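My structure is below; once you've seen it, I'll send some questions.
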Amino acid sequence: MKKIKVGILGATGSVGQRFVQLLDGHPWFELEALFASERSVGKKYKEVAKWFLPYKMPDEAAEMVVKSMDDVSEIRDIAVLFSALPGTIASEVEKRYAQAGYAVSSNVSVHRMEPDVPLVIPEINADHLALIAVQKEKRGWDGFIMTNPNCSAIVLTLSLKPLMRYGIKEVRVSTMQAVSGAGYAGVPSMAILDNVIPFIGNEEDKMESEPQKILGTLEGSEIKNATFNVCASCHRVPVMDGHTEAVWVKFEESVSEEEVKKAFMDFTTDIKTPFAPEKAIILREEQDRPQPKLDRDAGKGMSVSVGRIRRGRMENEIKYIAQGHNTIRGAAGASILNAEVLLERGYI
Amino acid sequence: MKKIKVGILGATGSVGQRFVQLLDGHPWFELEALFASERSVGKKYKEVAKWFLPYKMPDEAAEMVVKSMDDVSEIRDIAVLFSALPGTIASEVEKRYAQAGYAVSSNVSVHRMEPDVPLVIPEINADHLALIAVQKEKRGWDGFIMTNPNCSAIVLTLSLKPLMRYGIKEVRVSTMQAVSGAGYAGVPSMAILDNVIPFIGNEEDKMESEPQKILGTLEGSEIKNATFNVCASCHRVPVMDGHTEAVWVKFEESVSEEEVKKAFMDFTTDIKTPFAPEKAIILREEQDRPQPKLDRDAGKGMSVSVGRIRRGRMENEIKYIAQGHNTIRGAAGASILNAEVLLERGYI
Amino acid sequence: MKKIKVGILGATGSVGQRFVQLLDGHPWFELEALFASERSVGKKYKEVAKWFLPYKMPDEAAEMVVKSMDDVSEIRDIAVLFSALPGTIASEVEKRYAQAGYAVSSNVSVHRMEPDVPLVIPEINADHLALIAVQKEKRGWDGFIMTNPNCSAIVLTLSLKPLMRYGIKEVRVSTMQAVSGAGYAGVPSMAILDNVIPFIGNEEDKMESEPQKILGTLEGSEIKNATFNVCASCHRVPVMDGHTEAVWVKFEESVSEEEVKKAFMDFTTDIKTPFAPEKAIILREEQDRPQPKLDRDAGKGMSVSVGRIRRGRMENEIKYIAQGHNTIRGAAGASILNAEVLLERGYI
Amino acid sequence: MKKIKVGILGATGSVGQRFVQLLDGHPWFELEALFASERSVGKKYKEVAKWFLPYKMPDEAAEMVVKSMDDVSEIRDIAVLFSALPGTIASEVEKRYAQAGYAVSSNVSVHRMEPDVPLVIPEINADHLALIAVQKEKRGWDGFIMTNPNCSAIVLTLSLKPLMRYGIKEVRVSTMQAVSGAGYAGVPSMAILDNVIPFIGNEEDKMESEPQKILGTLEGSEIKNATFNVCASCHRVPVMDGHTEAVWVKFEESVSEEEVKKAFMDFTTDIKTPFAPEKAIILREEQDRPQPKLDRDAGKGMSVSVGRIRRGRMENEIKYIAQGHNTIRGAAGASILNAEVLLERGYI
């Protein structure tokens, strides 16, 4: 199979670097172009990226000359653009490229909640990709924007999917989030060493609105959101990678711990593309798992681990812990998996 | 005023050292005796305590010869014994000393939930000290045992007290707890560096049962527990001191953020003893406070800081953050404050 | 005694905040003005300083309106200006104020090595203040600039002073430096969590040149530098405050461990101003001290702790550990102590 | 090729787990038996090992029943025993197994400095394996003990090897060591969070004596030690894995930075067994490398990274930074590499 050429918008930042690393050696995609802000344009990637991943920077990417995002015309042989742009410029740039005919697989929040933009975790709602046709027609674009959820919302929503069968009424979630979620310079060490910061800008809003769209049903050309409420409290802790979430789920009726465990264990999907983990959800039976340091790399960082399933003291309520790698399953890996499904299903 | 002589049971451990440090220069109490396990008996405290506090070990304590807990008779001039014993031996030792006539102010969990043992946060339920007479009569003891709550429960319960006026229906709490709560060797660095451990043995049980007793009402010779349910999820994070808690409170009726803030701000108590902080509850208005590193030492470690009061997405529910110093307000300082109230109110 | 009015240049940064905190309640100095960059000018200090110290921001400072550094004329009642300015603008601003008649006590490196600028650790070389007259005359200024050394150099040089009696030939030093030395946003958490960064810009140069000037002798109007060589290797570690330094000192002749210990223990000074610690050097005899967490606050952060004195395997060489608080003894506290000595000795 | 059967003595501890993980899927060795202390004997490995590595416990090891070290007779089909025993019992157990005919590849320090025990880093002194014959004859054993150096000494000595050509006169080294070197419960989090501990028991002695033996020359049946002195200062820092070392090397004559870099770059070996890294020494040219978080996994944890080569201020002296993974290159991986060379060269 001839590889599909792809590019990265915002290639020098924290998530951009993850895209570069994860796309290295990808069986379907070939990295063709790196885009970044004007001060990097024209320079080699290795000269402008402050590489911080514990892997060698891929040689091909290292030598690539960073391109400008001003001219959409010169990169015609690229099919997919992964977007890790800063929120401030993402909207305009992504729209420009989508209009010009590219498939934009975006990790940015700005377009996620627009009705005609698919917000996808393939193991849950790959059928929402049908919105692509709606979007293209409505906007008159040759290309389109598709999005993956917020890092914390992905971990939560994947863990909720198998429980939907029991009727979810309310969800409360308290997060303990890794510093890599804020970007390389996002959290000063003076702020977080020996500390917890109980605030992450806009994070609670995203966690409280995205799951309902993802778990919603496609009816005609619209998503009908799932109807339960989510209430989130988000906190930063001194952890490099991996978001840990304490979740309370109130069901419509009484559900046992064993039923919940079984739902997690039985969860399977038909997504079999390269980045799809063998198990999207891994149930840990130990009393003190999942832990970010031990579980974040499960399924090459694409599995969500759950554990400590126990009855709460409230009626019809179960509490458990969910954990996932925030820059792989929660960001760059999620966008790549989405693009794989696009390709497999003929959208590109 | 002549000072009251006091001793410490279990003086070498993490909480024991806090007692030694906090009692140094206490205006009412004079440290007279240190007790520890047999391998320390007969040696100077400075030779057996692996001191880890960032203060100089008090000179007088340093030179004290550690006593055995086998013979209760030789320490007759001591009025109060603070207990920081390991759970395994605490029950038997505390009962022996109480029977022999001492007031035991215990930080250990073993006797907390017994109906005739006061479980006290003085700003909330100093009236529960009336159980002392019940206990002495029922057990035929000359002395008695009084207890302070679990470290996480103290922080939570203090924050709940001002909200009782609105009618609390349900409480959910997710903790991010400091390593000092587990004792000096309790949490290996290999376990917690760059990690979260979502399990602390028996902690959730304590948080789910102690608040109702503390917030209960004394009726005759019995405590009638408060009736709301608490559901806790407890987690260890890489923080030295200070427990941070994300709290959801569901009220009987709708309560506004402003009403909750006002309740916190208006909260005052009549406890004016040396260890009583000027403000038991400090309301932080910044969007990212309280934080353990910045707020744990507020009120010399005896104040609980609250912040981020916001409406949840659930009916009649408010969420907020509470934070307190786990080995001061949550342990040794709590026991000392309790003993001060004992003295002030004539129980010793 | 009427207090002397003082101001802070660069008041919002990491060291600037330390000045604000340490000057609160100072018996000789009264904080009169805070200066910062243009975007803060005209706003209250509490609105522009991202306060990160675990103490309450002093009320008076909180309400002060930040002043511009453009106009030197309006602050005529101030005698001393403490400078915590960024290196890029410090030179010009400090010179302007010194010329206009102020005593500038600077923590910035830019003027330290100029021959007519005193570089002072009062316990060592308060006599170097005689350079002030030289400087004023040579430059035709009404005021003057005096400086304190680099944070790591202060810790090292204080520990070397008592050893000078034995004839120092060579010094090698390896540092393990706290993140607060780099300023609030200086070290991203992603860079330093679970890591060591073996590089700090220009730090080794400062450590290799400042000690000789400080330990030099004033001959006429010039400092004759001490003649030993220093070779430094500087590293950042995940510690909030407190620089730890492994030091090798090669002497002219054989010196025993006991002689070195005695030199440290016997070290006394005639500096008795408010910020002068009771003991400038504290000898720890434990095998695993000094440690930053346990020893940085010794002497209110103004003492340097030394320990682990042992013979090396090289001829006439001793190795030991030195530790000091980098933003108190190593920065703001050092500048304040210097200003106290200025006042006591009639320079202001 | 038929795989050689191997066992692990002390399989449940920190280094023991590394052996289990690294031997999983080894092309030449097949894990046949796990040995641990009496309280684990008879139980499945998964029941007794508190697994802390961020990889799944290998399935085969998980199900193995832990064996007792009392009876050497029952494991006759095993050729190599890797030893990660506690120092207290290692000597007796290792000798018993060696006497009984096994090749013991030991990570323990107890036998390292015995004249007839090879202390080997194969890229440096595989020829020292000739001591095996000496040992067997002298002791009348069927088997033998071979050892790998201390974790810090391996990193240092590998970096010194290429510099030997210039004539090394003196070495000083300051370490910043990871907590995993002390074993799972070796360093309490309360001791090391936000801290440096400037003491590691016996570590300096090992660093000051092992390099000379490793870099010594085999003359007849004896090792003639290299003659330079090493002086070490050893410190623990809050890092999980990877020891970082600041090294000063004084040469017999003047050596330039470029000569040292070239020596590192040119270093090659003829060791080509499975665990031998492609490059035993990796030269990093960035100004802030090597760093443990970024470089410890280089060469699958078997490469030592060096960088920051610069002239010191002392005559004929160069300083640089060396870094290596302490539990892979510095412990379990080193023992396995040694055993591979044993096999390749016909010693087993």
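Just so it is clear, A, B, C and D label the chains in written order, and each chain counts residues from 1 on its own.
Just so it is clear, a residue touches a chain if its C-beta (ideal position, glycine included) is under 8 Å from a C-beta of that chain, and two chains touch if they have at least 3 such contacts.
Source: prediction; values computed, not measured.
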Query raised in the report: Taking each chain's centre as the mean of its CA atoms, which one is farthest from the centre of subunit A?
Result: C
Query raised in the report: Considering A-C alongside B-C, which chain pair is linked by more C-beta pairs in contact?
Result: A-C
Report summary line: Here the gap between subunit B and subunit C, centre to centre from mean Cα coordinates and rounded to Å, is 40
Report summary line: Between subunit A and subunit C, the Cα-mean centres are separated in Å by 47
Query raised in the report: What are the residue numbers in subunit C that touch two or more other chains?
Result: 52, 193-194, 238-240, 293-294
Report task. In the complex, go through subunit C and note every residue touching subunit B. Result -> 52-56, 193-194, 293-298
Query - Complex contacts: residues of subunit D adjacent to subunit C - result: 170, 172, 174, 176, 193-199, 208, 229-231, 233, 235, 237-240, 244, 246, 248, 287-294, 307-308, 312-314, 317, 319, 321
Query raised in the report: Which residues, counting only subunit D, touch subunit B once they are in their complex?
Result: 14, 52, 179-180, 184-194, 238-240
